[in-house]
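Presented sequentially are two complexes of subunit A, the first with subunit B as partner and the second with subunit C.
This part shows the complex of A and B:
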């Protein structure tokens, strides 16, 4: 089977540490559930990601070089 | 006028209403179906009871004492003789019937399952998901239970017959059980099934033999366990479906017993809504203000559709009660009950599938409650989201090149109707008095005045002089629109924000709105009968906002692609092309005439002295007068030459579409971004006037002779066409002889088609090339095509060379008769002519058959556009509805109304396309910007100070304010 997460078009997905997450949530003044969602069965997710984790996605952007997006893992 | 303080809505709760609540809020019980008595007075406790509110002016409301207009009306109620189902909740009722026990009414889920679904619901609420998904799953789970986990009662299936009938489906012993058993015991020799004797059956089913015989004779009905045993032994089905209708009263009793904690598992708030309230026992009667009756010219009263429906309900309700008291048979009662249900159903929704709609005497379906809300003309889309407004005008538009692009010509009769409120102070008192004394007929006049005590007086021809003297500071005067007022101007369809822009008024005679032709592209307007709307703004805040944000000059750059959407169009581009292409010379008079409509009133140094010792000015130098003095630009232009501008002087190049045109003209774009909107507006206005002067100087026209080619050229074109026809014939011959080789991935037929298409399109191109050779560069069609003003070389080819292959669905024309396009051709004729190749040009004229093929191709284009506009319109509506609640926040994120983040940074980069100059071929040139900034900074310390301080761009409020601002700029401030 092809490992999609290694494909060049799939940006880097990493699980966010709890303390970094607190900072992010504080920065935007939001709850975890206000984040965009990502399905647990999404093949781009790292294996250790579990429901309730927050994923940091760093993707290349035509206009800003790198764009950072956070997503909450849901079932 | 009394103003009530605006209030914030804290929260809104949706739920069911309790019957008792209907009674409490009711002003009166309605018992009779009659409306008015013989004298025309409303009957007490009738449908028009005066306690339900007032509609006739002058009368007093019996409930609240207010008059018509201020009294909102009051609900009444009807006590229904028997409960009926509310159509809006049929699905939920079905769900509850299926999910709860028929005996003890408890939800058919074990404690564990309940906990699970309760958790699911709280999580769904938190994540903003659809609760329906969870409750549906809960019901599905509950339906699986055959027996109630609490009381052990067997559960039956519930059938729902739309719209409002429910059945309980039970499997019971069929009446022909004895025959079926006997038939099965007979066996079937052909199928190889053996006979069964009663002894064997008795043995196998463990039923006594005497019982078996009794069953076989039909004198004993087998019990359920016995039935199952027989079914198993003989492999037959002895049951039939028995449906048992659930009356609304049964359902109500059933629902009353559902415990509160059970419905909470299904996401229903038991504090506010009890399921039995979905079965109506009391019907609220809407106030008369919601269903006013109209008095016709002949004095007859015509009632609202809702009133008609209520009359039906009350009549049936009464008949029901009478029949029940008289002890009528059950059958009649049930019929009446069904009829009552029908009337209550159609009272709420008259477009239910499966029920005939209730009709008016004339056969028109009644417009009942749900029809009032639904659809484009319904309450939501028609009355709340969109409203009819005052202070608006609509008329035909026509062009006026003498206006600035910021302006709009407003007909005087419109200006006299639409007013602006003027708060009279000591400083404008004189003006205000002048307006009032001019009266409503004279322009600039006034239509109304309001005294400080709030009384509004109409200004008339008779009283205007007297009224003018009374006007003092503190009054309000509704004066006519005058030059310089700001108004909003709009053309439908409003597809982007440039479809609604603010313009400054110029009052003009005649009946059309006038606008500068350069604003046609953003509105997508032309003058073939287009109409546009104008809205006069009614408060200072709106006027200020319109001026600063919405004025045409603020919209020069389009947020779609970040380049200018306003610029020179059509003849302007031909004009600048003629002015700059061969860099012609002009004498002083000519040069001054070219620049007469611009700000330039003195010519620069002559470009040179000609042979007759007269000074001359070149087209480049005349054009350069319009450019900012320090503009530097270099790029490849429309015509393919390099356009070089140094220090505001056009040194080289032709000015055409890519230089000054709409949709990204380089010079306009740069001026807007570097020198600001105001400078850009001036530039576009002046380019368009200069171009008009230039095109008038040279003269520009087009006629059929301009596209006629010499006979010698025509012969050559005919030759190429004949050649192409020959080659097509060769191809067909090769195909018919089976010598044609197919291209990879194509059938032979497809290959032939492709090759023919290729040959013919080459033929047309060749014809075009030949025709082109005979057109000079000053041919008007060539000028227009080269400059990008209008038309292309293809149009020219079709006019002078050959029109070429006509296509429907991207193929040669194949449709028509059996194996041929027209009866003029033989069947299976594959030639060019028979499949829509037009070898004539538009100038030489098409043959009838060519004309027909051409019309076929043209029709497809028309149909495509029609389909595309309707499809894209609906797509846009859905997109707008999906995105309308997204908002970019001060922290740069984009969030929806529930504060969920959609983008962490607007568009990933947090920039507006209008404020940044980058595209596919030019990235943001940071170096150049930094250089430019530093260059200007290091000139003096003061300037650097200005840069690091907060020097803001001057908000240019009006074109007529330019002079004042220019003067003010030189005055240093006091502090």
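This part shows the complex of A and C:
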């Protein structure tokens, strides 16, 4: 099987710890459900991700060096 | 820190690195300081602080109607796009949808683009040796019977006769035995094979069965991926040196990645949904940006600022899957009745809303414009009150 995370279009996906997540939500003053979403069956997700987890994605950005975004795992 | 190539002292480096600037701007600061030669650390400090201040100023103001600005920034050059699709894309003989039709395809998130195409990069020796590259070509391109030889029907004997071309068999790296076997598996008939001649016939002597067999024979894919109708090899000058790159007409991304010799880390395709299925939503987002940018750039409109395209891509991929902009996607799932009714299919939305007693909260732009209230963006976010405040300390809300 092909390792999807090796592809140049796919950025780094990591599961976020709960405590770090709390900080992030506090900083943006949002709820979990306000985050952008990612599907459970997404090919780039790490295997241990479950519904309700938040994924931290670090992209190489076209407007700056790196951009960090968060996505909530949904069905 | 990657600043080894700049001729500046460490204090200067420390001062520049301390700012919040992106790498590109820091590099420019270094270049400027390097050119000046006589710049002191204080100069460097002043310069980088000034650059940082300007950089911070260029950020979007809160509540700027960024969506409208992006829509206009893409729409205006959109009026300059060609409406017809017929040119070759600059890559050897492969037809790709361009211009406005392609932009529409992307924004509508069409499941199947008109001209699916893959750009296949090869790895290691497959990229540098012609023989090896051809191996991959034949594993990709769908080989049908007519490419391999001639088919004739002998009605008198109720037999289908296939005369295979030896050179073609060799070139495409398939043997007559394999061909015969594939025919047997697919059509369920037993074949007689002598060298490059294959014969078979229907079980009962019926004209209909015979002709049907011939039709089915034409559809069999003997080698390669069915969806890929043509593959073109080009030798290109890449960063890693000269390599063979394959361009395919027809796209089967998942299958293509698995073929030996294919570099599964660089190969790409122009079908958004295939990228989404195989590489995930982030890759799909990046592809949307890339494809829209290329579509505009092809017609000379490459100065549309990328952040407008990024906004569109972000909106389309926000929910974890690719949504179209139109009434089956984002515009159709707005909360406001009036907004949806104003977009398309007016009466349906109004009727359903009336039947179900829907309430419109008048939060968005469209609905506020309809009822004549100020919108909540830009100056509309500010509430102005007049009055006097008492002695110091009490602040107006």
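To be clear about the criterion, the second predicted complex is superposed on the first by the 75 of 75 C-alpha atoms of A that agree within 3 Å, B and C clash if a C-alpha of one lies under 4 Å from a C-alpha of the other, contacts with A are read in each partner's own complex, and residues count from 1 in each chain.
Definition applied: contacts are C-beta pairs under 8 Å (C-beta built on N, C-alpha and C of every residue); 3 or more make two chains touch, one makes a residue touch a chain.
Keep in mind the model is a prediction, meaning the values are calculated, not measured.
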{"item": "First, second, both or neither for A:70, with subunit B first and subunit C second", "value": "first"}
{"item": "Which of subunit B and subunit C A:54 touches, first, second, both or neither", "value": "neither"}
{"item": "Partner chain(s) touched by A:45 [first = subunit B, second = subunit C, both, neither]", "value": "second"}
{"item": "Which partner, subunit B or subunit C, touches more subunit A residues", "value": "C"}
{"item": "Touching partner for A:28 - first (subunit B), second (subunit C), both, neither", "value": "first"}
{"item": "Touched partner set for A:37, first subunit B, second subunit C, both or neither", "value": "both"}
{"item": "Touched partner set for A:10, first subunit B, second subunit C, both or neither", "value": "second"}
{"item": "Contact residues of subunit A, present in both the subunit B and the subunit C interface", "value": "36-37, 63-64, 74"}
{"item": "List of subunit A residues in touch with subunit B within their complex", "value": "28-30, 33-37, 61, 63-64, 67-70, 74"}
{"item": "Residues of subunit B that touch subunit A when the two form their complex", "value": "126-128, 891, 893, 895, 898-902, 904-905, 907-909, 911, 918"}
{"item": "Complex contacts: residues of subunit A adjacent to subunit C", "value": "1-4, 6-11, 13, 36-39, 42-45, 57, 59, 62-65, 71, 74"}
{"item": "Residues of subunit C touching subunit A in the complex", "value": "22-24, 257-258, 264-266, 268, 275, 277-283, 286-287, 289, 306-307, 310, 314, 317-321"}
